[in-house]
Amino acid sequence: MLSFENDYSEGAHEMVLKLLLETNMQQESGYGTDTFTQLAKEKIKEQLDCPEAEIKFLVGGTQTNQIVITALLKNYEGVLAADTGHISTHEAGAIEFCGHKVLTLPHNLGKINADQIRDYVETFYADGNHEHMVAPGMVYISHPTEYGTLYSMEELASLSAACREFEIPLYLDGARLGYGLMSEETDVTMADIARLCDVFYIGGTKVGALCGEALVFTKNNLPKHFVSTIKQHGALLAKGRLLGIQFLALFSDNLYFDISRHAINMAQLLKNGFTQKGYQTLIDSPTNQQFIILENEKLKALQQQVRFSFWEKYDDAHTVVRFATSWATTKESVEQLLALI
Amino acid sequence: MLSFENDYSEGAHEMVLKLLLETNMQQESGYGTDTFTQLAKEKIKEQLDCPEAEIKFLVGGTQTNQIVITALLKNYEGVLAADTGHISTHEAGAIEFCGHKVLTLPHNLGKINADQIRDYVETFYADGNHEHMVAPGMVYISHPTEYGTLYSMEELASLSAACREFEIPLYLDGARLGYGLMSEETDVTMADIARLCDVFYIGGTKVGALCGEALVFTKNNLPKHFVSTIKQHGALLAKGRLLGIQFLALFSDNLYFDISRHAINMAQLLKNGFTQKGYQTLIDSPTNQQFIILENEKLKALQQQVRFSFWEKYDDAHTVVRFATSWATTKESVEQLLALI
Amino acid sequence: MLSFENDYSEGAHEMVLKLLLETNMQQESGYGTDTFTQLAKEKIKEQLDCPEAEIKFLVGGTQTNQIVITALLKNYEGVLAADTGHISTHEAGAIEFCGHKVLTLPHNLGKINADQIRDYVETFYADGNHEHMVAPGMVYISHPTEYGTLYSMEELASLSAACREFEIPLYLDGARLGYGLMSEETDVTMADIARLCDVFYIGGTKVGALCGEALVFTKNNLPKHFVSTIKQHGALLAKGRLLGIQFLALFSDNLYFDISRHAINMAQLLKNGFTQKGYQTLIDSPTNQQFIILENEKLKALQQQVRFSFWEKYDDAHTVVRFATSWATTKESVEQLLALI
Amino acid sequence: MLSFENDYSEGAHEMVLKLLLETNMQQESGYGTDTFTQLAKEKIKEQLDCPEAEIKFLVGGTQTNQIVITALLKNYEGVLAADTGHISTHEAGAIEFCGHKVLTLPHNLGKINADQIRDYVETFYADGNHEHMVAPGMVYISHPTEYGTLYSMEELASLSAACREFEIPLYLDGARLGYGLMSEETDVTMADIARLCDVFYIGGTKVGALCGEALVFTKNNLPKHFVSTIKQHGALLAKGRLLGIQFLALFSDNLYFDISRHAINMAQLLKNGFTQKGYQTLIDSPTNQQFIILENEKLKALQQQVRFSFWEKYDDAHTVVRFATSWATTKESVEQLLALI
């Protein structure tokens, strides 16, 4: 059965596996002090134009969000996020578990903007009762968003300016960062993100790795004793090499970017195929997630042969579904899908 | 340089990597719902003689300890453990971070006994102030312990009986479980552990996997909504297959046990070599960790050619150091080590 | 200066102070085991028609909400509440600090209804991703609400039925309960609340006490080791008598109800005065909080002589302000206020 | 029945009640912004010789410990304390509930010393695994201790010096502070404590108040947004005046010190009475708690007529019991007790 269900249906890119194999019996020290982890950090820093960047590798996205947000917030602060943000909806209360409120803002296709931040913070401090309320202490955005959309350079710069105005860090969740950076419609580079955000992560799990996210602190702002914080969250791998080796492979020979562009190409092929056949999209997504409006009967028929995700009801006769491409999507599978519609 | 520093210096056993490669491009659903995870659970259950066992795969030991203990304790309860237990000493406060006190008992070569449990619980409830104290709600043991020692069947059975008497679960941390089960001096099987403990985990990270621990609930006691709890702790892998595949390999063709026995054989070779040359051990460890007393000058010389761990000062002229073997230790490396002493 | 700023501007009702004085030198045991606390519980139970009720006295409202919600929720659960609920807005993240998300529902004049509960829970369990989301584990309502409104018997009964259908407890925050029960427009008694809610609290701080809330578990559902939970939250008074004595006074000779009715009478006098002079109310509040729409210039003038609370901007020329009466409000002060408008 | 069970068996000193009554109907703003609270702070500051002191009033001791420790520790830090410290033993895990480990040191009659601190911190940072351990981030002492003992000026100064050397705050729990300051054997004043400690609290609950502790930050180190932190812990009284008025009374006309000296006088009378009759003390306590060794048969007989506390078993024939005096203890009651032995 064809699957466009998500971008984590396969294992890892072959170059990632190859490097795991080649290095397998090399004895290395644990907990991220190995040589591969060090090399991977250097490779990533080359992309960032940010010599002061400090990088830590973690296993997954929710874990990364939870640790960063807990480490950067004061006990009385919460994190501002779109109401559709992953931390707001699909992390089973991971942020609240660590003691912090997610302060939600209405989203616009998954995005929030600088005016919302400014308005929230100013309204907060103008409120005579603000000492009884949760102070906004950080801004969380995802890029690409949960709707596959992207911040433009201008949007990102104005968010960054608003955050600096109020001296609260801007954190970018890049679970699908490669697919954003390689979109044909973006004007944002990884170096721009390093410059405009205080902390962000480069997603590996959805972009060619078995697991792993590269967390980047860009402003000499690595929290003190951060290894202890990682350990305290149960997130410190004994074999830290597992993450270092994977990111070393992904950031060698442009692999991360090449495989991301491939996923974008496949998504464009898929979208064009659907639109040429008269289907409409819910959102004109420039990244690897495509949101197509299907007649309910067509949906049922297609489900017999293809796996994809329910997104939301559109009207009584139609449903929005999501097709995701990835580094692993083949042109053949897209063509097979298009042949079925 | 030779390394006996720990049991997680290399990657994974070749059969583990082989299965990762073979299955790499098979599309599977996420979050542990894949077919490999299901197969791995079945394979493990065959070893347990416990049809009601419920198994979840997690990434690391501290994470597993943190999640199990948080899920099983009531808010007002703490966990009893040896003062040398991993949760007491080397998890950076991971248990306290989740709101629970570790109630420590004096260890005997890393172990605690049923009388200590009984005495603690009875003294607690006899104390007129016990409502102002942390109630003992669970018992944590490690097997092998941090000192490489093992519980005998009789010791484990009496701990189990004490826990049942007070209706508190017995949890066994099996980070190095294979090395305990394959020791020549044990009378405890994995099925015994499943019978006597309420929950335990089978360590993968230190026994041939890149990462991963298999958590086993043995008494129809899987906590409700446990997947949500895992997610809330940032511990739910999108590509759950990574863990399932590795345990499928480890529990096929007796691999887990064979490679564990190999490590034990290497440890015996190492210990015998030292003792034949007149060295003394701190503890007569029957597992893969060996604690040797070195003259300080010998220690310094040896450090130039071998990596091992400082354990503790013995006296002004001597130091205890730890040599660890593993599935990856070669006979050649042990012989090279012995040639150096 | 006149003050209608809130319902906690004075100390305690004279009968409360009188009993504190009379009993002052009587030696009693601590932590709520004193004889006054026992008597107070008996007095309250007489009002509840609920022999199985179990009562604990706590110091304040946020503390009570925090402890009850933490004690009743499972770790993976959150609490449903109106987006205007006190726990949602003005407790500085006290619920999240204890690890739980407040799941907000749009309010209707401060209230939520059974259909919202039913819809939320059913949608939650129908969502294929619900294991990645926070499960609704409890319903929080305030009565009177933050808008001074009241649930009717029918509304409360249907909320109760919805909660029982899904087996989640219904918790009523009665910080101003007396003012709700003595409203001329209510058909709900304290016994009804005991019957329909699983847990609720009878507010003392705003109804004649120096401090204190009486927390009532109505369904044999007092959490185990609840004294330890109170202690763990730093909420167990050494001199528990302070709370017991106050509630003993309040629930002797109908005092709690008489002084609540007085506040209602004063609120009606105030409201009638404003409406007779042509002012409009934002909400037709039947309780002790009155929300009056003032011209901005009138507001400024009035602020010179009277303290009251800003509620919200109405339009460019008008503002909504809140006047609160209480057990301590005198008829003279209301008449002075009305003379000023 | 006579009671020497504890120092919180009665209500409040008559001057405290008198001021509560006199001020009862004065309208004041809430949450500690009232005029009495301001006056009380000024009165206390007069005693401290510390113009930069910042004072907050809280309800109880465990609450105060929990809030201070949580507000001052970083997430990866724990608090050093004697193994007999109140936070270590009798706060039902209140510190761990907030995410922090209590790092215990062996006590000497309830006290710890500078060498222990220095040794712990130095050993910690010398340990190659310290990133996997809980960092010592604060020192907690009680004065008087749980054993009624006192730190000398020299001991306190050396603890203070050790803390400054490592830049970790020294926190003094003064639940019974008055009884320490008025001891005939102390050379420590309240101003000394303000100078040597970074934060401490002046106990009210056990020294004449109905409830309340005055928390003092002495080094311009009041945590930011501390009111929000108090609120988040459910510890912000709506009627903050309750605490302000009581401390205003206690710190007017030397009351706090006079009533503390009275308790000391009563304790001396009691101790001398026992020793003159040949009884021995476990500890030569200079404060209001006296630890007497009773024959078991004498104990049983005495329990028929006097309430006191079991402390610990001495030998098979003897038991240590505690007699506590307080501001409320009368000379008559001590004489009656002595007549019974």
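Which chain is which? They are A, B, C and D, in the order written, and residues in each are numbered from 1.
Going forward, contacts are C-beta pairs under 8 Å (C-beta built on N, C-alpha and C of every residue); 3 or more make two chains touch, one makes a residue touch a chain.
Just so we're on the same page, UniProt names per chain: A, B, C, D = Threonine aldolase.
Keep in mind the model is a prediction, meaning the values are calculated, not measured.
Seen from the C-alpha centroid of chain C, the farthest chain centroid is that of B. Across C-D and A-C, it is C-D that has more C-beta pairs touching. Of the pairs listed in A-B, B-D or A-D, the one whose interface repeats that of B-C, with over half of its contact pairs matching by residue number, is A-D. Centre to centre, using the average C-alpha position, chain C and chain D are separated by 34 Å.
Look at where the CA atoms of chain A average out and do the same for chain D: the two points lie 50 Å apart. Distance from the chain A centre to the chain C centre is 42 Å, each centre being the mean of its Cα atoms. Residues of chain C in contact with two or more other chains: 75-76, 91-93, 97, 99, 131-134, 228-229, 231-232, 236. For chain C in complex with chain B, the touching residues are 31, 70-71, 74-76, 99, 131-135, 224-225, 227-229, 231-232, 236. If you check the complex, the residues on chain B that touch chain D are 75-76, 78, 89-93, 95-102, 128-129, 131-134, 310. For chain C in complex with chain D, the touching residues are 3, 5-6, 8-12, 14, 17, 20-21, 23-30, 59-67, 91-94, 97, 205-206, 210-211, 228-229, 231-239, 241-242, 307, 328.
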